[in-house]
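I've put the structures underneath this note.
Two complexes come next, and they have one chain in common, chain A, joined by chain B in the first and chain C in the second.
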Partner chain A sequence: MSALARLRGGLGSTAGVYLVLLGVIVVAAVVVAAAGRNLFTPGNLTVLMTSIAVLGFVAIGQTLVILVGSLDLSVAYLVSLSSVLAAGTMAGASGGTVPGIVTALVATVVIGALTGCLVAYLQLSGFIASLGVGLLVAGYLASYYRGTTGKASPELAGFGSASIGPLPVPTLLMLVCLVLAVVLVGRTRMGMHLLAVGGDAHVARMSGVRAGTPVVVAHALSGLCAGIAGIVIVARLGVGSPTVGEQGGYDLLSIAAVVLGGASLAGGRGSLWGTLGGILIFAVVDSAMGILQVNPFLKEVVRGVVIIAAVALYARRAAPLVRRRFAAAAGPDPAEASAATAAGPTAPVTEGAER
Partner chain B sequence: MTGTVAEPAVTRYDPSRPPLATRIAAGLATPGGIVWVLLVALLVAVVVYNPQLAAPEQFLRLIARMAPVAIVAVGQYFVLVSGEFDLSMGAVIGVQVVLAGTLIGDDPSRILPVVLLMFAVAIVVGLVNGLVTTLLRVPGFITTLGTMLILSGLTFYATGGSAGQNPAEEFRVLGRSGLELPILGYLPWAVVVLVVVVAAAAWLVRRPFGRLLLLSGDNPRVAHLAGSPVWWLQTRAYLLSALAATVAAILLVGYAGVHPSVGSGYEFTAITACVIGGVVLGGGRGWLLSAVAGALVLESLFTLLNFVGVAATWRPTVQGAIILVAMAVTVLRTIRRRRPPAAEVPPRSEPGAGEGAPAPATAPQQPRGT
Partner chain C sequence: MSHALEVRGLAKSFFGYPALAGVDLVVEAGEVHALVGENGAGKSTLMKILAGVQQADAGTVRIDGELRTFHHPQAAYAAGVSTVYQEFNLLPDRTVAENILLGREPRRFGLVDRRAMRRRAAELLAEIGVDGISPNALVRTLSVAEQQIVEIAKALSYEPRIISMDEPTAALAEHEVELLYAIVRRLSARGVAVLYVSHRMREIFELCSKITVLKDGALVATLETAETDESEVVRLMVGRALSAFFPEPAPGEDRRELLAITGAGNAQLDGITLGIHRGEILGIAGLQGSGRTELLEAIAGVAPFTRGSMRLEGRDYRPRRPAHGIDAGIAYLTEDRKGSGLALEQSIEDNALAVVRSSAPRRARTAARGLTPLLSELDVSARGPEQIVRYLSGGNQQKVVLAKWLLLDPGLILLDEPTRGIDVGAKRAVYEVMRRLTAAGHAIVMVSSELPEVIGMSDRIVVMRDGRIAGALDRAPSEEQVAALAAGTAVAA
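This part shows the complex of A and B:
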C-alpha cells in the first residue's frame, strides 16, 4: 500500500481512481468477452460516451458543492424542473430555443444560489438545506405537471443527436464544462477560496476569506449544471418530464460518483478529474451490463456493490493525504476514532457527512 | 414559552436550582421542546377540523397510522446521534414487506419462522452497514446508499416491481386491528407497538450504551480515549435502525399491503422527523422523544392539510418548508447558545412572566455579536 502511495506521488488519490477504473474496464471486458461479445466496438463506446453526459453535468456541480463542504440533494428535482421549463417554454418552436434555455438555467441558478445562501448565511447543513429546497421544488413539480410536457425545438433536438467524430456533442460540452470547472478550482481565487472554506471554514475566515461567497457560488454552479443536464435530457427525449431527475436518481448517484472519485464528504479534498473517473466507472459497469442484457433491477444491485467496494478501497488509501494537508481540519469525526480502534495507528480520515 | 434559563448546564451546576415549572418552560424553548408545543397545536387543529377524531377510539386510530413513521424515526435517531446517516431504511422496509408477503402466504403456521427470518435479515443488514462504515471506513452516507441500491434492486428483481399477495390475516393483525378495551374502547396494536418501541428506545438511551453513543457522535476521539468501543457503538446503532425498519415493515404489511415500494422515501421522512425534533445532523445532540414527536408533527401536518383540502401533491413542499423552518429556528437558537453563558444568569422563579423572558438569555452576551 505504501509503495502504491509513493507511486501515486503528486497525483493524489485521483490516480487511485483511475487504477480502479482500469480494473473495472479489464473485468468488464473479460466478462463481456466471456459472453462472446466485445465491449470496445465503436457502437458500444458511443453508447458509453452518450450515457455519461447527463450524470456528468450533475456530478461536476456536485463536486464543487462537496469541495466547499456542503451537499446538494436538490439536483434531481432541479434537473426535472429545468427539463419542464425548457421544453414548456420552447414548445417545439425554433424561436423558443434561447428563451427556453435561459428560463430553465435562470430558475435553477437562482434556486441553487438560494440553497447556497441558506447554507452560508443561516448556517444550515447542506444536507438539510438542499433536501428542504429540493422537496419544495418536488411539490411544485408534482402539483403543476402531469406527465411529459412541452417539446424540444428542432435546433435543440439536433444538438442532442449530433456528434463530432465518435464524441456526442452533449458529452463534448460536458467535458468542456469539466475543464472550465477544473480551471475555476485550480487556477482562480474563487477556486482557492472554495477549497479553503471546504477544508476548514473557520481557518478560512480567520485568513480573510469571506466564507459565505464560495458556498453560494458552488451551489449556484451546481444549480447551473443541473439545469444544463435537464436541457440535455430535453434534447435527447424531445420532451420535458417532471419525474426524469428523480427516476435517474441523479442526487444520490452524483454524490456517489463524486465520492467514488476520491472526494471527501467533509469537504476540501477531491478533484474533478477524480469525479470523471467515478462517472466512467459507473458508465463502464452500466455499459457492460447493458451489453449482457442484465435485468435493470440487478443493475442497481451491482451499482450498490461497486459503490461500496470502490469507496472502501480508497477510504484506506486517502488517509495519509488528509493528515498532511488538513490535519487540523480532521476534527471530531465519527469514522476517526472507530478507525483508530479498528486499524491501530493509522491516520484519521475525514470521511463523514458533518455539514 | 421562551425560557429564562435555557441552558441545561446552568441548571445542573447552579446550586439554587430553578423550580420545575421554570425548567419545563426552559426545556420547551429548546428545539427538542418546541416540537411538543407544535405537536399539541397540530393535534388540536386536526381535532377541530374533524371533531369525530375527539373520540378516543378515532384518535388512537389516527396515532396508529402515524406509528410506522415514528418507529422508523426512532431507528434513524440512533444512527443520526452517532454522527451518521441510514439511507437504507426504506429499502429494508421494502425487503421485509416482500419477504413477509411471499414467504408467509396463507399459512399462519409459517408466521413465527418468517418473522425470525425477517429479524435475522435486519441483523445482517445492520451489521453490514455498521461494519462497512466503521471498520472499512466508508462514509455511512455512501455505505447505506450502496445497501439501499442493493436491497431495493433485489426486492424489485424478485417481485418484478408489482404488488404481491398479502400474507395470512393473522400476520396482518398488528397493523390492522386492535384490542377492545373498557375505557378507551379500542386500542390499535400499532399504538401498543409504538409505545413499546419508544419505551425500549428511551430505556436504551438512558443506558450506558445510549450515553456513550451520544458521546461518540459528539466527539469520537474523546469517546475512544475514554475507552469506549466506538465502532461497536455505531454498529449497534445501525443494527437498531434496521430492526426498527423491520418493525415498521410488519405494521405496514397490515396497514398498506405488500408492494416493493412501500418503504420508499421513509429514510428521508425519518431524517426529517428527527431534524424537526431537534436532532443535530453530525451527531451528539438530540432527544429521542422529540424525534418521535417530530414524526408525529410531520404526519399530523399531512393529515391536517388533507382535511383542509390541500392536494397530496404538495406534501413534499410542506415537508421541505417545515424542514427549513425547523432548522432555521434550531440554528438561531444554537447560535445564541454558543455564546458563553454569563455566570450571573439569574434563575427566575416566576415562570409565567412571559414578556420579560427572552431578555436574560440574550442580554448579558450582547457584546459577543455573531
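This part shows the complex of A and C:
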C-alpha cells in the first residue's frame, strides 16, 4: 500500500516511465524473437546506443524548457543551423574544429536566449515565440544554403565514430550533459527557480524569484543542446545540411520524449531521468522495427500508438488524489451511522447497486 | 517608544472608487490585532498595501518608527512584514522545504544545500510547535490545514516583525483551529505583531487584544477587546442591525416537494436523505470540506450519487453528467464563478445564452429576446449585452451567471457561495433575486460559508459534517446552533 502510495507520489512518475520502458523492451524482445531474431545482439545494442545521442541532446534542452512552463519548437531548425555553421566554418580543416564548434554554439545559444526573452518579457507563449524564431531560422537556411555544405574536420569525424567499450562517445557525452542538467535542476538555485516558475510563476514572483531569468536560461540551454546535437550530426555525416533537423523531426519527437518521460506540458513537473526513459522507449521501438524491417509508414503508426498509450497510462495514474470518504461497497460504520441517525429525518441507508 | 506598525492616513482608490480612505492603524510588538469589516470594507486592500502587492495613493507606513514604502512584495518582506494569504502561495509539486525557502535557498560550494534546507524548514516548523509535517513531503500530499501551516512557516522564515494573516481559519476544521491559535500565541509571545483578519467573532475574542473595524474603506473604530462585545463589533461593521440586511422572506404559494433524495451517497457523501420544496430556500451550512459542494455536484450530475435514489417531481431522476441535470431543469451556479461559470473574454450575451444554445437551441432565439429585460430586471450595470464579461465587477459577473441559468427557466437552482467576493450592494441585489425566484415557485439550494447569509436567507438549514447530514434546522436559528452542528460538538435535538 505504501509502495503504491509512493508510486503515486513525486518519485513515482519516473518509476512509471521505466516500468513502461521495461514493458516495451519485453514486448519488443518477444516480437523480434518470434521473427527468429535477437534484439540483444551487441550489434543491435550499439545501433540503439548510437541512435539516442542526437535526440537525447535535443530532449535535454526541451525538458528544461518544458519544466519552466514553455515550449521550444525551434530546435529542429537550430539543429540544422548548427550543422551548416559548424561544417561550413571547419571546411574539413583540423584548425577549424574549435572555431566551427564555437560559431555554431554561440549562434544557437543566442537564438535560444532571444526566444526566451520573447517569452519572458514580451509575454509571448513559448509555442508562438519559438515557432516564429524557428521560421526565421528556416528562412535563413533556405535562402543561403542549397543541399549539404562544408565538411567535418578529421578530429570531429573521429569523435563521431569513437566509442569507449560499447558506448559511442557522442552518447557518453550526452549522458554527461544529462547528469549536469540533473545537477542544475536539482541542486542549484537556478534549477529550483526554474521548477518554481514552471509550477506557478505568480507564486515564484511573490517569493522573490525573478521569474524571467529561468525562462531565458532554459531557452538558451535548449539552444545550446540543439547546437550540440547539430555538431554530433556533422561528426556522423561528415557534412552539414540545412534540412537535417526537420528531417529528423526533432521538434515534435523531443517534446514527445519529454512527455513520455512523465513531464507535464503545463510546466513544473517532470524529470530528466524520465526524459531519458522516454528516449529509450522510442529507441527500443525503433530498433525492433529496424531489425524487422518494418514499413516506414507503419513505424510512424507504432510510434504514435506508443505515445498515446503511455501518456494515457500516466494520466490514469496521476489522477488527482480524491480523498475517498465512503467506499461504495462498505456499509456504514455503526458509530457514524448512529450519528447520522441522530442528525435528522432518517431513512435506512440503502446500499444501491448502481454503478 | 515606536510602534511595530504604524499606519497613518492610508488611502487607495480603484478607478475613482475609494477602497481605503485615510485609515489609521497602530499595532504594538507582540500584540494580536484583529482587522474586521464586511467584504469590500478595505481589509484586503490594506493587507495588500502592507504586503507590497499594491501601492497606496496617500498615507504613511512606519515599521518600528521607520518610514517605509513597498513597491514589491520582497521589499515588504525585507522590511519585516510577512503576509499569509487566504489563497495559498505554494507550489504543489515541490516539497515543504523547497516551498518555505523558495528564493532564499541555502547554498554550499555553489550548490543548493538540501540538508541545510531541510534542517531550516524543520526548525521553522518546530518553532511554531508543529512536528507532524516532513520537510520532504510534497505540498500537494498535505491537507489544507498542513498547507496553511507551511504557509505560516514560510512567512516566519523572513523573520518578520509583523505577520498579517488573511482569514487563516477559513479552511480549517475545528481541532486545527486550536493548533492555529497556539501558533498565533507563540508568535505573539516572541514579540511578533500579528494583524489578524477574520470574520469569525469567536476567534477574534479568543485571540486578539484589540479590534479595528473598517467600513466602506474608512476606519470606524479601534476597540479594546476587553471593553466591547460581539454585538457592538457587528453593529459597527454592518452599520445597521443585521436582520435588516436580508430582504423579507417571500415563500411561494406552491410548497410541493420538488426533489426527494433518499439514502444517497457516493465516495464523498453518505446517507443523504433530503426533501427540497418549491418556493423555499434551503441553506446548506458546514465547514469547508464537509461535503456541501459535493452535495450540489451530486444533485447536478457533476459527481453523481452512486447509491440511493432521487425523485424529481415524482419521477426517478438519475443524472450521470451535468447535461442530464440541465435537461431536468436544474441550474448549478458553481463556487468558482470565473473558472467554471463564465467565459471571461466573451460578451454578456454570449455568456448568458451559452447554456440555452447548447441544451435547447430551438429556444435560443426566444431566450435572446428575453435577455435584455432579464438583465435590467437583475439590475446588471453594463454598457450593453455586447460588453466583455472580464470588465464587469464581481457582482455584475455573478448576475450574468444567474441570467444564464434563469434563461433556461429551471425548477431547481443550486447556488454555491453566490455572494463570494461581491460588494454589499450586489449582495443585496442577489438576495432580492433569490426571494423573487422562490416567490415565483422556484426552489433554491444555497451553500454558503457565511453564517449570517445562511441564517438570514434560508427557510430551512441543513448542516453537513464529514459527508453526512449532521442536522436540519428551521428558519432563523442562532449562529451557535449551526456552528455546533457543523463542528460536531452537539447533537441536534
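We adopt the following convention: the second predicted complex is superposed on the first by the 308 of 355 C-alpha atoms of A that agree within 3 Å, B and C clash if a C-alpha of one lies under 4 Å from a C-alpha of the other, contacts with A are read in each partner's own complex, and residues count from 1 in each chain.
The rule we apply is simple: a residue touches a chain if its C-beta (ideal position, glycine included) is under 8 Å from a C-beta of that chain, and two chains touch if they have at least 3 such contacts.
Because the structure is a prediction, the values reported are computed rather than measured.
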| item | value |
| --- | --- |
| Chain B versus chain C as contact partner of A:301, first or second or both or neither | first |
| Contacts of A:124 with chain B and chain C, given as first, second, both or neither | first |
| Which superposed partner A:143 touches (first chain B, second chain C, both, neither) | first |
| First (chain B), second (chain C), both or neither touched by A:207 | second |
| Touched partner set for A:255, first chain B, second chain C, both or neither | first |
| Partner chain in contact with A:172 - chain B first, chain C second, else both or neither | neither |
| Overlap of the chain B and chain C footprints on chain A, listed as residue numbers | 332, 336-337, 339-340, 342-343, 349, 351-355 |
| List of chain B residues in touch with chain A within their complex | 82-85, 87, 132-143, 145-154, 156-157, 161, 216-225, 229-231, 234, 268, 271-272, 275, 281-283, 311, 313-321, 323-324, 327-328, 331, 335 |
| Chain A contact footprint on chain C (complex, rising order) | 53, 73-74, 77, 89-94, 98, 102-105, 107, 110-112, 114, 138, 140-141, 154, 262-271, 273, 275, 291, 305-309, 318, 462, 466-472, 485, 488, 491-492 |
| Interface residues, chain A side, partner chain C - complex | 9-10, 183, 186-189, 191-193, 195-196, 199-200, 202-209, 268-269, 321-322, 324-328, 332, 336-337, 339-340, 342-355 |
| List of chain A residues in touch with chain B within their complex | 118, 122-125, 127-129, 131-140, 142-143, 252, 255-256, 259, 265, 295, 297-305, 307-308, 311-312, 315-316, 319, 332-343, 349, 351-355 |
